[in-house]
């Protein structure tokens, strides 16, 4: 069988190498090559998505997880990976090159490829070290796709770390004045978590051994009759959760995020927030929940509490930021809290809530779309005026009507306006949470109020109100440097806008993927 | 049949999309064609839906549910986008599209000079879409969608003149408070789903079997014992949403500020339709409100308090739109009082009549403001009856209607409510009955106050002699920045403007496009009450609205005749009393006197609620946020990370100091290592 | 003639070794330091010979030859280095050599 | 006592790799004499020194490698010369690492020597091969005698190589320090050997599973109760090994020597010595002294922990890249000691595999630095590395690649190796070592990334106040600021990433270019006068991308090796290591 998933993962990597080898002066060739690669990858991913949507009789159910619960009748869901690829790598240690997609990863894979296309297209104005920049973007895509598609824990970890390298270089190499600090802080925070996860993975492989055979294959582990005792589960869960909690991030492990997001160039921030943060949530869902159900049950209140604190606390933080990117960064943490909450919406019996999971995954996609749009718009705005401070703006809608409309739509989506995409995800996730734990549900739902507040503040302080009397914005305007969105920028944002509306009106296809 | 409703929804949506995307490039006539045409179409479809419903017999069959598409399936949650056609939604649709159409027409005149003409109409169309969606949805989720979207429309239209800081602030306030309502509604939906596993309304009789057609929260509510806490929480959470949307205590603050929007917006959204969504929701889900014995009394108490509270503020306001805004709040309180008495049809009835006369009031006020070039202060008005005759007469009709003077519309509906309250008070037992007596008293008192402040307003605008200085040159359409700069000039020149009678002749009646809707609404305000109950005259066969709504809302408790007459008499007397006082004080024209009466100051300053809210809630929250941002984020987390880094650096630097570069030190280190190891072995061995 | 107990040899060897160690630590001239190291090696040689004789095993004696050879080689290399340093610095005090530190 | 000398041809065949090296080393000395050293082409530039000799040395290494591989395939794995030298797979596996490092070191040498004008190359390469030979002997030693012999062979050769840059005081100092301290430590080791000899009556190790050549192992298996003599012997032995693998607190020589020595030598010795010493360490402790493991495990455990923590900690604030790598190699020694503590086949296999991976990464990193080092041993400070990416992108890229590999990022070899090692720790029943290793790796990540940040994310260093030169970068930045784009002129990268084209970003671009030139043309700092002129020409050689092709070859090979070891090869290399470890 054609190794479709490997192709999807490694195509950007190869593309990145090709881009690096192109002659430096041929700037347009470089840009379009990178974009072409990203597009091709998106098309492949869409192909896989379509294939996945077909009824698949050949699917082999590879494991069962006590995961899904209807209110009355708990049922056991099966995990089915399609398009599996399997190559022996280090069988002695249970390490294999195995890939596969299920409904969740097919969505996140497509999201990643889409966001890469968008972010690369949005990076057309980058001039500094263009080839390297684009190569790193593509490498980042490869890493992310690997994370979503790997079904062997070792392989997963390899990709998990692999995506850190380009992210580090992108933040640190092309970022703002405090980029070095931000980049190193980002990597170190992440590293503490991921190294603990590494310890966890090693230990997991060690515990899942049968007669001297170790295994790290998810499929094998899920089918295994070995049942870890609850203490081991607890420690392993914590080790894994450390990595995911930093990546998502959960409060109080989020200190790296505002720095990294605000220092990185806008398209990179968009990738980090849109796609990379999802890797953490995906990890929670894919690994923490399925591998350690008992520990998840025991620790769900803890994680949920952190998530709720993060939701409300970061909403408050977003409310008082004056830097637009920091505002969005905190909003991002707040929204990801909802996702985490949805994932850990476990019932009293420790079974996950289908609505919670559906909503969380939906929200991963939605947040990816929305936050990307927001960061890109803010990036466009900053590129025109050179400032991100809200106080410097005001009344821009008159000069930038299209940008104002687009920003408005993205903000509305972000604040969870019913009828737009985020609402669908948030509603389902919070519904799931509420069903199983009313307190978390209520507190989580409360976020809609500050979310509306800070998002509207963002729109109003930039686009509405009185125009500032002086400052960088006026200076930019005097120089004529304040044009509205041009066609290129608009086209970059267009797919995101379309999805914002489409998913809001009809989220069914997405929930279909999650449930099948 | 219900699929007909789809055609009510689609035209305004299309209108919004067309105007939103292309409006900038279209000529005015095209914009108006699209905007009017789509709403008119919508109205026609609503009318035909209504008529088709009338053609169905028996009455209990007058319900039709059409599923359009599946929104999402998540586990055992299935949400379909479906439309429900029943008497309630048909009535609401008729009111919304009808009044909406009139206001669309009116707006063409009012907004004629505004550069954001296209934007205005696209938002207005969007609002019609959202509101029709809200009332025609057949499940709570799409109700929530509509609920949120009308909030958005309201936000967009309040902040229509986005360069005015006051407008944007008002818009933000409206949105945030409305979102608090959404929050309540979401929680209510969660709670219902948790216990009943569905978000559909359901139709037909009680149905306890999940999955069957007609199963829904309304039909299944009685099946399960929900427990007293849950059965109280559900209606209260729903009422949080209603209170936010319908500006009830304590979430009413946004509505007066919302008057920053263009006046047609105030008429359509903040008087006639959107703010009544709460009333609609209570009526729609009244089954849930009866689950707990405490729910309806609480609703009534809040409604009654709001009615009185807002009326007292309205007594003192000088901005004519603010007077109307507080009057709206007060009237909405009335509607909730009526519903709390179990007479939901009375609430809906008042909703419809209120839509007529309050829209008329706002549009009349709009005409005045338009004529005065944006002036909204009562002190700068007076004597306009000579220059604006149509406006004068129609406004008078509206004032009479709202004051509850027979035979105008308001009399009938208000009477219905008060009668229902008194009936309820006499029929229920226990302590609750005192509440209802109290509510009735509040209602009667408020009726008097209503007449007082409305006639104060009326006299202030139209009677006496003109006190202003002619129309402001630059009116409400202040969104051009060039104009902004000139505005300062006008203000500095204001001192030189002529004042008094001579200036009056610069004022002209509004164009026909504005006066025609006024006339139509005046007619409706006059005869609109006739669809209500004639129970007062013991003519029980003539209560078309009640009968029509009965399959949905159930029958209101039957009152006895003397009681109803007592109620009517009392309210009429109070209303006339109010009128009399107003005539005595303001009959010769409104004179503003600074009053030192503390109660007056209190009411004039709206009981300082906004200030208290800002001081107690908003500022501490923001302060907390800023402190946390500085201390927790900057100090503890970021500083902590740095501190850890610093600690390691210090350790490292200390370690480096040991690395002296002297061979003999190194040798010593080796020796120390040797000694330690040997010591270990010696001790061990 | 009474045989001297093995332990005495070993004690002497240990003493020699210790003296060598102290020499390395306290002297600043690399030549003398190196001589101290040679002393340590010879202390080991003494131990080897003693043990070889005691155990009646040739290994120890062979080892001594190897150590001697190696020590000779070390002398060659060490002196070369010292000379080389002396050429450039005119000073071979080890306490002067701390360009590299930290 | 009777001596019988029987050495069969098979015995000689078993040490074929060593023989090849010894032969070629002698050959090089001969060829050096025969090569034309005078005439039209001066020594400093002639092909004789910079092509023939290194090629010969490389051929020697390749020959040894070939012999190793042949032995892998057809060798009998028996011990040679009455159990003095092993030819088992474990030794052979160690040869792979040692020879890889030697090969890379040799490839990096010509360019470096040419730049520093070091002409005595016959000795250089001969000593290089001799040191390699010593390392192999040490790794393959199955008797304390051969062990000591190997140790001294490698040390003696390295003393000279470290001090090879005679015009550089730091180089001489490095040689001297290494010489004194290493001899000192050897004496302890030797004393330990003597005591063990006294306790067990033999200097042979003895092989597992066979009693053909009985040794210490057999003795201990028979008498598992340890005597004081034995214990003290073990303790002193530990010191000797700990010194060679630079475990804390015996690590102090490491940074000084690594910094002072010529970079290619450091590249070689940092890997080779460590590999040889660790294999010997592992063999002696985890195999031979295994019966008394309970006695020494605590000590080695403490050494491992101290070394992991201390090595990483000390590296944190290092600003000199060579010293930093030296401390990092200390830290890596700590990780490797985990394998010794964990023991068992997995632990030993993990050590072997780690060493092989580490060879490519570390040699590569030092090799990249060899292209930067100047005669006065400067050029490797973080300040010098700032903005390297803008001046020499590929070199910076390679260095970053190796540093990331050392930091343990997949897919480079470092990660796979570390994974295996930590796994071994868990399997050996030491989860705490796993945890400590993992956490100290975070510390490690910081300094590697900080160095990378300097190269990639910081502008080339600004000239200190008082300097005569005003860099064009500053001038342009100043002009940019004058034009009202001050916020963007903050650094060459500035916000150019997301800003649209405008005066500012072109200004920034110019700033980059000129800054790069400025740094490369930067006048040497105030140093010893005689060196200034040389250095000026040396700077010329450093400028631009005029790296010698040999350096590129070395970097490329190292990178390829590191990548292959991390991704494709582990499949069978780990299996092989596992099998090899069983034969140690």
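Read from first to last, the chains carry the letters A, B, C and D; within each, the first residue is number 1.
In this section, a residue touches a chain if its C-beta (ideal position, glycine included) is under 8 Å from a C-beta of that chain, and two chains touch if they have at least 3 such contacts.
Protein identities per chain, from UniProt: A = NADH:ubiquinone oxidoreductase subunit M; B = NADH-quinone oxidoreductase subunit L; C = NADH-quinone oxidoreductase subunit K; D = NADH-quinone oxidoreductase subunit N.
These numbers were taken from a predicted model, which means no experiment stands behind them.
Listed by label, the chains that touch subunit C and also subunit D are B.
Put simply, the chain closest to the centre of the protein, by Cα centroids, is A.
Chain pairs B-D and A-B differ in how many C-beta pairs are in contact, and the one with more is A-B. Among the other chains, the CA centroid farthest from that of subunit B is the one of C. In whole angstrom, the spacing between the mean C-alpha positions of subunit B and subunit D is 75. Subunit B has its Cα centroid 37 Å from the Cα centroid of subunit A.
A separation of 65 Å divides the Cα centre of subunit A from that of subunit C. Averaged C-alpha coordinates put the centre of subunit B at 97 Å from the centre of subunit C.
For subunit D, residues that reach two or more other chains under the stated contact definition are 176-177, 180, 184, 255-256, 318, 446.
The set of subunit C residues touching two or more other chains comprises 24, 33, 94, 97-102.
Touching of two or more other chains is recorded for residues 656, 659, 661, 663, 667 of subunit B. Here, these are the chain pairs in contact: A-B, A-D, B-C, B-D, C-D. Residues of subunit A that touch subunit D in their complex: 88-90, 92-93, 125-129, 132-133, 154, 157-159, 161-162, 164-165, 168-169, 172-177, 179-180, 183-184, 187-188, 191-192, 195-196, 198-199, 202-203, 205-206, 265-268, 379, 382-384, 386-387, 472, 475, 481.
If you check the complex, the residues on subunit C that touch subunit D are 10, 13, 17, 20, 24, 30, 33-34, 37, 40-41, 43-44, 47-48, 51, 54-60, 62-63, 66-67, 70, 73-74, 77-78, 80-82, 84-85, 87-89, 94, 97-102. Those residues of subunit D whose C-beta lies close enough to touch subunit B in the complex are 176-177, 180-181, 184-185, 188, 226-228, 231-232, 234-236, 238-239, 242-243, 249-250, 252-253, 255-256, 295, 298-299, 310, 313-318, 443, 446.
Note for the complex: subunit D touches subunit A at residues 389, 393, 404, 409-411, 415-416, 419-420, 422-423, 426-427, 431, 434-435, 438-439, 441-442, 445-446, 449-450, 452-453, 456-458, 484-485, 487-488, 490-502, 505, 508-509, 512, 570-571, 574-575, 578. By the touch rule above, subunit B contacts subunit D in their complex via residues 645, 648-649, 651-653, 655-656, 658-659, 661, 663, 665-667, 669-670, 672-674, 677-678, 680-682, 684-685.
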